[in-house]
Every structure is written in structure tokens, then in C-alpha cells.
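All chains are identified by letter, namely A, B and C, in their written order; residue positions are counted from 1 within each chain.
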Amino acid sequence: MADNPFTYAPAPESRAIVDIRPSYGLFIDGEFTDGGGKAFKTISPATEEVLAEIAEADQTDVDRAVAAARRAFEKVWGPMPGRERAKYLYRIARIIQERGRELAVMESIDNGKPIKETRDFDVPTVAAHFFYYAGWADKLEYGGFGSTPLGVAGQVIPWNFPLLMLSWKIAPALACGNTVVLKPAETTPLTALLFAEICQQADLPPGVVNIITGAGETGRALVSHPDVDKVAFTGSTEVGRAIAKAVAGSRKKVTLELGGKAANVVFDDAPLDQAVEGIVNGIFFNQGHVCCAGSRLLVQESVAEEVLDKLKTRMATLRIGDPLDKNTDIGAINSAEQLAKIRELSEIGEAEGAGRWSPPCELPDRGFWFPPTVFTGVSQAHRIAREEIFGPVLSVLTFRTPAEAVEKANNTPYGLSAGVWTEKGSRILWMASRLRAGVVWANTFNKFDPASPFGGYQESGYGREGGRHGLEAYLKGSAA
Amino acid sequence: MSRLDVRKTYKLYIGGEFPRSESGRSYVVNDAKGKFLANASLASRKDARDAVVAARKAYAGWSARTPYNRGQILYRVAEVLEGRRAQFVAELRASEGVSEAKANTFVDAAVDRLVWYAGWADKIAQVVGNANPVAGPFFNLSSPEPTGVVAVVAPKGPLLGLVSVVAPVIVTGNAVVVIASEAHPLVAITLGEVMATSDLPGGVVNVLTGSVAEIAPWLASHMDVNGLDLTGVTHPELATSLELAAAENLKRVVRPPAGTPDWLADPGVGRMTAFLETKTVWHPIGI
Amino acid sequence: MESFDDLTASDSSLRRFLHGLPGVDQVGAEARAAALGTRSIKTTAKEYALDLAIRMVDLTTLEGQDTAGKVRALATKAMHPDPTDPTCPSTAAVCVYPDLVATAKEVLGDSGVHVASVATAFPSGRAALDIKLADTRDAVEAGADEIDMVIDRGAFLSGHYLKVYDEIVAIREASARPNGQSAHLKVIFETGELQTYDNVRRASWLAMLAGAHFIKTSTGKVQPAATLPVTLVMLEAVRDFRATTGRMVGVKPAGGIRTAKDAIKYLVMVNEVAGPDWLDPDWFRFGASTLLNDLLMQRTKMRTGRYSGPDYFTLD
């Protein structure tokens, strides 16, 4: 767009609001302490700049954290009346709102996602999630799952929505009277550690929330800890499977929110401009690092060409670059490892004969970047149509009839989400009832709300987070 | 001269039919006093495989029926069971050696349980689903859907136990492959006869008899099975290994109960919700 | 595309075509417009946008109390929006009622600032066709460079698309000057009365098929007037129309755009939805009055580094 006279000047959000310390410890029993493992570094994926050194929790640290959570559960948080727990959660929600910009900037720096998203989506949704579950704390008996908490929850969250996933885990757990030990992803620990400070500011009793940092080994120690009553995990299906095995034979309650390969189905009578927005939002939101991303576009053959033309035109307006620039639409890929995986699958897509296209865009020299990419001429037999890429890569398939659309959409071991675009009401309901997915977005995509349950069918995991349904995972009243 | 009675051949119940085990095997089932009662089919892994295929085939139609219709059919099963109560009382007495009064209690309870679950067919969605008041111009509704094909290891209690684990799974639209109580398999096959004559489509319930240790692992590891109910598994190691196998495709697993279940107690909705998925549908509200 | 003659053969052929256009989902369209509104336009980009916005203003007065004096003052301001700054561009046009066209023309002369005139029984459009035509010819004869006509919303809403179409064609023909040239025709939909974005899209295509040079949101007399999402739908329509026919049509949101911040949001939308080709007063206009002073204040802020106040800008 060199000939465009309207070139947006840089509009960077100030970093001055965040104070990243050189090193961070573990947050156990209300205090920051050293970790027994080997400290690791967290970097900015946009620049590869080292941000801080992070403690690694070893088995002893996990034991300490679980013990602290157990004490807090038995002595303080479990016996506390719901209305008092509610007030702590409301207080946390308010502090998140007050420190919203700081959290947004911190998240963008550590994760690489655009400030536009952290500012307008992640952080407001986090506050809303705490606000929503705060209100449940003294109303549990009306929810249908009783009001007896499980005890200590061991929670492991991914790097794609670090603070948001933290809120999805901690808010319902605490509202139901459980205490938690949470492990953020090793590439994105900073906002969880800032959240630990928020717990201190809120005077949350020590041990109610414990944040331990580390990689897979730390997570394994946490979920297999014998004194953990509940395991909640969001992440890959591969790790989810390992967790399901780790808890086999125990009495631990488990919820897993795993991978996906969602179909976004566009019929020829769809509101096409909004469908194109839905496609873009479905796959390029958060660099495609979204488990429910609409990574398979199923478009009716009769409009395939028109939709693709519009899609490409639209993709050419996406702005890639500095996550802290307020006009950035697509930020950095979260890690070198993830970038390598996206590249590998994209190369496989090309080798399999799919047509690869990206708009012309300049990528920064340093950091981890991948342009928004679309593959055309993809069939269900292609690996890029079956495997979760977890990046800004869209596979385009076509269909002829509604039955074929459903068949292709459901032809996957996953079942997290699906999209359908048509102006015909009866067809929406027909499709929605046949798509095997936990969330169906009709004439919209990637919408989230604290009141709306989220979770998958089949290998996308089990259990629901959000809404009244989200209480079940943290209460005893629902066992068969 | 007394008349020689005609003995019944107990086979499997798969896809609405009563085949012998493809393996040609059977095992001896004795009564409570150790006296020969009958030979039961000793199902093989291939029978389990066939049962899953039958269940998958039946699932599409069964789950697509209206809840009202499923409720009517479950109620019909109860009716037919009630009509054959004398036979079940006799079979329970023979297989378990219980008193007539006790056998009557179990049959009554089994009929009543079917009626209870039949009524749930068109109510469970109203109890466990809900409208979600999201902060935006969207219609947002969560409703339950069946998980798919569920493998069930039935507990002891050849009639009431079996009914108590099968009815909640199928009433919501799932299809079932159930391994009958190993020690008391005969009543399960007779119950299959009830189902086969109650408008329940073939394949919605498939009954295998034989060795849990032999068949259950094949069902637990089967990638086209979506759920696994281990209620009848009594060996902890076996239960753990089945749960491990089930993790491969992330089956929904109901673990064995901590103590001995009281099947006469109010069952609650947990056995239905264990094999229900929550689907949430969003749609914009606009003009 | 098939011949337009086939489409415009009857009400029903037009209806089939217009109702065959892809629908507009209200929530999605509004979300897209809001998202574009979060673009942050700073420094050099803002300087460019402010000047461009000034050049796109149709400085408007459409009041019963309008007088020659008022129009002369407005025309003077259009030529020199900021008399203290010779680098400040003039506006695209002044927009007045037909009886004041001559007055405006007299002041503007060959300054390059156009005279736009509303016509066709503005704002309701409730008059017989021959009166609308006379209204138009009047304005053209008085020197109007641009005619802002209103469509017959009653006909549109009752499905008499052909009537609306024919009327636009007739007004376009009435806009011709004896020298063979023609006043540019802007077609006002009064989107606040059409209610739905589906209707806005249909009206856009109807007007473009009938030969409109510009499609315009509103008269300014009905609320809501111009909004970002309505303009979004119209920008999509002109983009798609060019892709189909090769012909470019301009867009003019009018009414309710009062701040520079709002104007920049519109320009971002023009840039990202229709494309940079539309970033030109020939293809995009703002129908506004108070907007101009805010653009000037912001412009001065950019130039001087301090916030300005209303006392430093002319009130006309």
C-alpha cells in the first residue's frame, strides 16, 4: 500500500505503566518465595528481548503450594460464608479494572498479542469473569450443583490468553469455596504474577491463590499431586490426554479444555461482508492462537470465488507488527517453538498441493512473525485440514449441500466450536443441531462471555467453563 | 409322566438381534446354589466391535428422535417389563436366590425407574440447559446433547442395577453397549427381549455377556466409543487400566462408585448428565 | 453482470435483484464499524486526515431561516475556513436550498468550491414528479454544480422500486445543462427512515444502477442521520459496484458528524473498506456544518501544539 496517502503513523501505547522486575519468585501462601528449580527467562516474542527471570517450581515447591492451599481451604476459605468470598472476588474484579491498562500492556509485551486485543478484549473480559462468579459465591444452592467445594484445585493454563485463562480457572474455583494452585505457561508468566500482587492488594487470605511457575514438569507434579482434589487444564489435546491418564484411578475431578479444528461454514445466502469479518476474526484473532479458531473455512461452491476475493481484499488491510501499536491487528507468534510448528505445517500444506497466499506485508526483523495465510484447494485429506496449526493459517474447503457441510464439519476428532453463516433461520437451527461442537456461533464468531458456557465435545475435552454450567467443575453435587 | 421343559438359549443382543457370540463360545451360569442354570454366550472382542458398530448406526436415528418419542418408548419398555414381571421375578429368584418378596421389590423398582427416566426425556434439557444473559446483542442458549456411543459395565443386581445404568444413558439419546453382570447375565438378555419388543430401535441398547476383564478393555480403547461407565467394575486395577485406555480419545468416564450403591435410592440426574454435552449457540439479535 | 435493462424492467425484476443482494447482519456490521473506530490516527496521519476532511466538507445550511446574508457568510467561510492560515484548504462545496444557489454561486465564482443544492421537495420528497423536476432544473439553472436529491421513501418501503429508480433517472436527466455537461447527482436515502441495513444496501444499488454519482445517507432532518455502520454498508456497496461494473460512485454521510475525531473514523473506514481511491473529495464528502470548526481547532492544535478555543474560529 505504498501508494496510499493515508499511512497510519505509529501509535504506540506507553510501556511506562508497567514495572517489570528483573526476577520473579513463586507466589505461595501469600508471599513471593524462591523456587527450587532452575530459573528460566521470559522474553518478548516481538523483540526477543529478555523481560525477566522466572523461578521454576520443583516438587518441593509444588508440595508447599498444595499444602498452603489445603490449609487455606480448611481454615479460612472453605468455612468462609459465600457472601464474604463474593466480596473478595468483587474486590479483585475492581482492582483488575483499575489496573487494566497495566495488565493489558504487560500481557502484550509478554505474549506478543496486540494491545488492541488485550485492552479491548482480554482484560475487560477478565474483570467481567471475576465479577460474574463473585455473584455466584453466595447463590450456589440455586445453581443446581449444591454448594460443597471440592478442596484444592490444581490448574494449568496456556499461553494464548494468559490472564483470561487464569480468570476462567480461578474465579469459579474461588466462588465455589475451593483454593487453587495455578501454573501459568512458561512463556507467559508475567500477568499471573501481577495477578498475585493483585491478590495481595485485595488482602486475599494467604494460600487461597498460589501461583507457581515452571514448564511441563511443574505442571505434571501439580496435576498428579495426591492432595489435589480437582484438576483443570486448558491446552493441547496431547497434554490433556496425558492428564486424563495421570488422574486415572484417582478420585480427582477433571475438566479439560483442549484443541480444536473448527469449521466455519459459509452458505451462499450468508451476509457475506459480515461472514468475511467472521472468517478474519475466526482465524486471525490473537494470531490464530485460539483453540476455537475457525481454522477450516467451509464455503459453498457457488460463492467460493466471491468470498475468497473479499477475504483477500480484507486480509490486505490487516496490520502486522509491534503489539504495542494501537493499530496492530496481528502481533507476534508467541514463541520460536510455535513459529516453527506453524511453518512446518504450512510447508506441508504447500507440499500437499494446496494454494498458499498471504497479502504483501513486511515482517519485523527480530521476533517471531508469521503473515496471515490462506490455503485454497484444501480437502479433508490434507493435514492442514486435520491438524491444529494454532496460528494465522486458514484452510479453505468447499461444499455443495448442507448435508455435505455438516459431514465435513464433523469429520474431525475435535469438537470445540463451529460457525455457520446463512440468513435462513431454519437452516441455522438445522445446522446448529447437527454440528458436533460445544459452541456454535451462528452469523458471528469468536464471541465469549462470562455467562456463556464454553467447552468441547470429543477430543476437545470435557467440562464447561463459564456460566452456571461452569460451577459444576468446582462443586461436589454433580457426581453420578 | 412329567413333561420335559423347554430350556431357553441365552444369546447376545446386538443391533436388535439375538446372535450367538461370533466366537462360538459360551460359559456356564449357575444359580445361587451352584446348580446349572444355563449357558450364556461368552462375548468376544469382535462381538464388542460389532456392538459398537450397531450402536453407532442406531445413534443417529435415536438421538434425532423427539424427546417425547424417546420418553414414550422408555415408558413402553416399562409397560412390557411390567407385563412380564412374573418371568423376571422367577429369573431373579433363580439367579440370585432372593426371596419372592425381594425379587418383587427389584422388579417393581426396575419398572418404576424406567417410568421415572421415561419422564425425564423431555425435561432434562429444561433442567440442565439455560439461556445465558451475555453482555451484548446476542441470543445465547445452552442445551444438552447426547455424548454418542457409551460403553457401560453393568453392576451386580441383574435387573435393577442394569436398568439403573442403561436407562439414564439412552433416554437422552445416547446408544449403549452394556456388559451385563458377569455372574448374573441371563436377566440382561431377557431384558433385551423386552426392549426388542418395545419399539426401541435395534442397536440403541446392545447387551454383551461374558468376561468384563476380557471385553471391557476393547470397549475402553475403542476410538468410536465416546463414553465409559465403569460402575460395575469391581477391581480397582482393572478400573484404572480402563480409564487409562479411555483417555486415548478422551472418553467421558464414570468411575466405579466408592461404596456399594443403593439402587433403590433416588438416582438423581447425575447419570444422565455424565453423558450429556452442553452445546451453546450464539446468534446476533438485529433487524 | 447481466444487462441492467433486464434488472430494471419491472418492480418484480428489481425486487428480485435487490433482494438477492447479500444481507447485512446488523450486529456484525456495527461491530466492524466500531472496530474501525478504534484506529489511532496520530501525527502525520492526523495532519493528512484533518486537511482531507476539510476538503471533503459540504458546508451546509438548510434552514427555513436561511437568508442571502447567511449563505454569503457561509460561502466565504467555505473558501477560507481559517482566514489566519493561508495553507488551510477550502471545503468541497456549500450546500443550500435551490433559491439560494445563485447567491452562493455569486460569492464562490470560480474559487473551485462547488455549489450543491438540495432539490426534489427536500427533505420529505413528497411532491409530484414534475414539481421535483422543476425544483431540480431551477437549481441547475441557477448554477448548482451538484444536486442532492431525496428518494421517495414511501415508494421504496412499499416495494415500488421501479418508481424510485425512474425518478432518479429523471432527476439525473433534469440535471443536464445546455452545454451537455451535467450537475453531479447525489442521491439521499434518508437512512433513518429506511431503518434496516438491508434497505440501505438495496437503496445503494438502486441508486447506483440509476446513475447516481454519489449516494448520501441523510437529509439531516431525521434522526438517526449519518452513522458509521450505515456509511460502512454504503462504502461496501460502492466498492462492490465498482468491482462489478468498473464505475466508481461517491459516498456522502450527512448529519450528526460534529467532531474531527468522528470525521477521522469515517476516513479510516473509507480507507479500509472502499479503499484509498475514495480518499478524495471527488468520491467522499461530509455533509456538515459544525464539523468544520472542530476540524480547524484540531488542525490548529496540531500546528501550534496547544489546544485552541471556539473564540478563535468564525461562527457562520
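The criterion applied here is as follows: a residue touches a chain if its C-beta (ideal position, glycine included) is under 8 Å from a C-beta of that chain, and two chains touch if they have at least 3 such contacts.
Bear in mind that the values here come from a model prediction, so they are computed numbers and not experimental data.
Put simply, the chain nearest the middle, going by average C-alpha positions, is A.
Among the inter-chain contacts, the highest number of C-beta pairs connects A-B.
Relative to the C-alpha centre of subunit C, the farthest chain centre belongs to B. For the pair subunit A and subunit C, the distance between mean C-alpha positions equals 44 Å. The geometric centre of subunit B is 69 Å away from that of subunit C, both derived from CA atoms. Mean C-alpha positions place subunit A and subunit B at a centre distance of 37 Å. Residue positions of subunit C with contacts to 2 or more other chains are 25, 27-28. In subunit B, the positions touching at least two other chains are 136, 138, 284. In subunit A, the residues that reach two or more other chains under the touch definition are 443-444. In the complex of the two chains, the subunit B residues touching subunit A come out as 127-128, 130, 132-136, 138, 140, 142, 147, 226, 229, 231, 236, 239-240, 243-244, 246-250, 252, 254-255, 258, 270-271, 273-274, 277-284. Residue ranges on subunit B touching subunit C, taken from their complex, read 136-138, 284-287. Across the complex, subunit C meets subunit B through its residues 25-28, 195-196.
The residues of subunit A lying in touch with subunit C in their complex are 1, 3-11, 116, 120, 269-274, 277-278, 309, 317, 326-327, 423, 443-444.
By the touch rule above, subunit A contacts subunit B in their complex via residues 128, 144, 237, 240-241, 244-245, 248-249, 251, 256, 258, 413, 428, 432, 437-444, 447, 449, 451-455, 457-459, 461-462, 464, 467-469, 478-480.
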